[in-house]
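What follows is a single structure, written as structure tokens, with notes after it.
Lettered A, B, C and D in written order, each chain numbered from 1.
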């Protein structure tokens, strides 16, 4: 650390940051050599995002300072960071959804009072960047109509367009397919070769091992360790993060599938514009099995979950469940589906699964609020709700175990536990579960996976939607792959590997199969 | 006891009859040096509250302005029999209340006649403020006056609106006037408080004639104000104070029409050039016929219709 | 989490107090500018609002209207609906009260008229909210516009009905006839005087009690029933509401019906309680003031009661002030009301952040 | 019939003008994420300041300047509350409307002593109508002549300015850097912030533009359409403008159409009064008066569908994750 032959691309000294009573960062020091990929890991709430936001000038540090290329820089706003050559891809994208890609890219770097000149210049520059880093994109597309993977590409292009030499990525792969993630890492590699320094935050140790040069570990606001990636392994990193040993695999016995609990025939669904989003999907879900739905996000999985759970009306087809037939003319809403003992953990806990303004005990009955358990003759029985919430928080190790804390104030992982506990504890016959571990740290993932398997082993049916292939492969007994709203393949989990699934998800499997033998 | 006045919710500067009362109050104070206690309530509850407070503190006589106060004055007057009240535009039968009402239909008849004489197109207009019986009474009298002079004349009648704001919407007043002009009217009578300002302005802008209301408004747009229908509410207030001092104030109903000088048309330097001697003579003739009873002017409020 | 470190009295008492003080300081400057003594003015204002029993009565009488409209705004707001139509709903609610009283006062005793009138107020107010509610729920029409439009429509409708149908013949003012006394809401001072308690002669009547009952009702409804749970879910996260299987259209419509019904109760206070006849414009802007009351009261019944009393005090104290110092016109009192809304409503965070920061730092240190 | 229509459209132009200014003002504010129910107050404040300025200095232009200054100052108060101090936009707007309603009357009583009115304006202290070239010459040409000389010619400069502001606004919003940032800040202020642009600064600038346009609306009322200030003379135009803004889905051209529709309905209502419909008799004034409102509701229910505003509207910007 002392022999400074080449200056570090970025060096942090004694950065501290406090939010109200929470010490988010404490005396953080970090050195990142130029042209390297540096990983940062840590549990939910460890302070990673905060630290990156400080580097990017989004928050101002309380103490400490930052050096870029050996020179001390005063970063008070994102503009200062951009001027210092720092770019950031945020955990939650910072895009204007109803703008075109081009408009998003030039925002803040328009190059003149009128848009015309800047737009034309950007078009040319984006073409160059696209070629150089294989970041192809339709620059005139509206961002909200793009799949997440491409939205992220826009974020990267934004940073590069501003000439970033230091690129920060906060949990970039949370929403990507393995192929997309691989593509991302190839891009990062190319950037690295051009001398760009990359700071990468991720919960996935596999990615750290595969692509970084160095890794730093944060715990409870502090930097607890720095390692050269080549000289460490997943187990050590996991232990450093959580502070105790963790298992990284799922223990799971043979499935014993029996009765068909749910069967869907030719399900179709149309969006408000009348576009067919779900195309003649048929599937069967049996007791005692976990059926995994794999697919790049945006290929109809969300619509499938919404239609099955009764949130969106179906367009065509029928669902058979618990001896009942549900069709477009005889629909059931989400509450009625729950009565048929179907539980649903939605993909997006903030948008759907929770009401962030509610206290935990209230959020813990969402969807079951009409149940007799929680209601007296007229009034809701608060005591029952709080008591039950207390029990569940203990059972599921929700931290802090405070039923009266606002849902918003739990970390993502703990919010997820509240949602899953709510659904699983209803003892459903069928569990629909979407992205169960999105943005959840390693410790919590282990617990969630165990619970899902436990449910299966007790003879229930689980439909799992996830964009994490690792997760699909680790949990599922049978896997269905979706592409463009339709089912493009089904296979036994034993026959699945990452490559096959990845190709099927890109609907390129059959083509390649034909090529390979030739 | 000291005198007082309670205006209605439009406030003492309403460009209309509250302001008229205010002018009477001013005149009295200027002449006698006696201050008159003023109160402007802002809602229904404050009317009664203010009256009570004044009565409790021994103010007398208390002039109250507008029919909206009738029920409040009635209650308070009952509770304070030693205090004298005068209500303008309202009628209360109590031994300590004087009720002053005006024959607005007579004054409106006169200006209607003037309008008909001045009109070259044989079409005239009327813009009322809020659509209430009192305003319809103006319109009805006006129409009769017009028809008296020219039985085949067209009279366009418009009300500005249905809420209190209709007395305070010059923009709409101006548009209503313009629409009447475009239909052929060339004289417009506004009985619409502040809304009238817009009517007079529109007349001025289009080179047409307008007739003012309540006080003499000829000065507002000299040259295009044909005349004004004056309603001497100032006199009612002034007389109450004067008579009170002189000991001649008496309860009961006081009806002020043309004969009593309570309503009239206004003739001054501002409109002298618009009124020919011939017109003046004709108007005076009509005037005396009304006073003598030869011409009967129908009062809209007597039967809520304008059939004459 | 950070909130926990700040003593409760800071948020509940200190900060609102500072905000109101600031509003009064600015008002004082305006009063100084027109050449009057602000201290004397403040004296009249406070004395007028709280200094003697009759003044308190008036303050609470105004507060009664504001509690109704404040609750109305807040119930809709809890469901994510912005009901600007309180004014019109109150107006039509008054029509309901008036019709019941006019129809029954000759034949029925008070204890039959009163509940029917209350029902009438609620039903008419709710009915007036129904169309905007339906259009919002089923057709997606923007409720802000439709409720504004319905205010205008209500006012025209009332004028039409009163002037053409309900006006008492031979009466100059566009009022209905005065109800018989058995259709009057009893004044509180009349109820108290047999008990030997003199609370001053003011328009304060039983409607105030009804308002307090409504507060309890709304509190229970929103925070303790499953319907309230659904409403709050819809208001904070409509997608979650769909996920939970809540019939959002139905909840929306009911929220507006309840909101309109509450606003309609203004008619009880004004028509049955004070004016004893049906007349024009008795709503006098209470529907709009209710928006400020609800927001300043944080959409919580307790907050709404406090905010309503604050505004009631400004109405009553302001009238006293304008009465005692004639150069201070009612318009200046309106300015003062505006300043209070500005400083304790819109600028509530001005001191808040700094003061909270101070206490948090102290707590952490 | 044709002539009546032309005259009605002529009135439509006059009546719509303040609505157009105010609705466009709201468009700048709301596209930047600031709800503005204070349009009403700004119009009223400007109407007073413009009339007062014009009366004192004898020039409509000086009046206009004062009107704009007053309105911009009010917009800045709104900004101070909503942007700097993250206050509730609606409460701030209500506060501003209330303060202005009282203050204009108070000040005009203190300054002019005419009971809340300013002196009547005439000559140079008012914006008078301008006759377009050849208007008189063309007046007798059938159809075209009437359209040109009655409908297009003979308005005051502010009317033309209002209509010109629509394409200008379109251009500013969609074709300039300022417009891009303004739209972005109303949709996702975080995106703007992380792009290194100050959210507050953009919003303040949007409010300044909003203030200027409301200033024009107010000055039009008191120094062009009318000749002087009268208390409460804005008479709900701010609310109607807001309705037009939502009706027009926050886009310049549809907003213009909404304003014209409201203006036209108003003009129709004015001309329909007292009309006797066979079989029904004379239509009550009130029925005609409510026509614009009822039609608005019907149109909203039938044709316009859901109006979805800028995503970040009304929410104070704080640096937190969404």
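Rule of thumb we're sticking to: a residue touches a chain if its C-beta (ideal position, glycine included) is under 8 Å from a C-beta of that chain, and two chains touch if they have at least 3 such contacts.
Just so it is clear, the structure is predicted and the values come from calculations on it, not from any experiment.
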{"item": "Both-way neighbours, i.e. chains that touch chain C and touch chain A", "value": "D"}
{"item": "Chain centre separation in whole Å, for chain D relative to chain A (CA means)", "value": "46"}
{"item": "Separation of chain B from chain C, taking each centre as the mean of its C-alpha atoms, in whole Å", "value": "36"}
{"item": "Distance between the centres, which are taken as Cα means, of chain B and chain A, whole angstrom", "value": "75"}
{"item": "Multi-chain contact residues (two or more partners), chain A", "value": "none"}
{"item": "Touching two or more other chains - residue numbers and ranges from chain B", "value": "11, 131, 162"}
{"item": "Junction residues of chain D, two or more chains touched", "value": "109, 116, 236, 286, 289"}
{"item": "Pairwise chain contacts under the document criterion", "value": "A-C, A-D, B-C, B-D, C-D"}
{"item": "Chain D-facing residues of chain A, complex", "value": "49, 56-59, 77-83, 88, 90-92, 94-99, 103-104, 106-110, 112-116, 118, 158"}
{"item": "Contacting residues of chain C [partner chain A, same complex]", "value": "1-2, 4-5, 220, 224-226, 229-230, 232-233, 236-237, 239-240, 242-247, 360, 363-364"}
{"item": "Interfacial residue positions of chain D with respect to chain B in the complex", "value": "4, 7, 11, 14-15, 109, 114-117, 120, 129, 221, 225-228, 230-233, 235-236, 266-267, 270-271, 273-274, 285-286, 289"}
{"item": "Footprint of chain C on chain B - complex, ascending", "value": "11, 37-46, 48-50, 52-53, 67-68, 70-71, 89-91, 101, 130-134, 162-164, 301, 304"}
{"item": "Contacting residues of chain D [partner chain A, same complex]", "value": "175-181, 183-184, 187-188, 190-198, 311, 319, 321-322"}
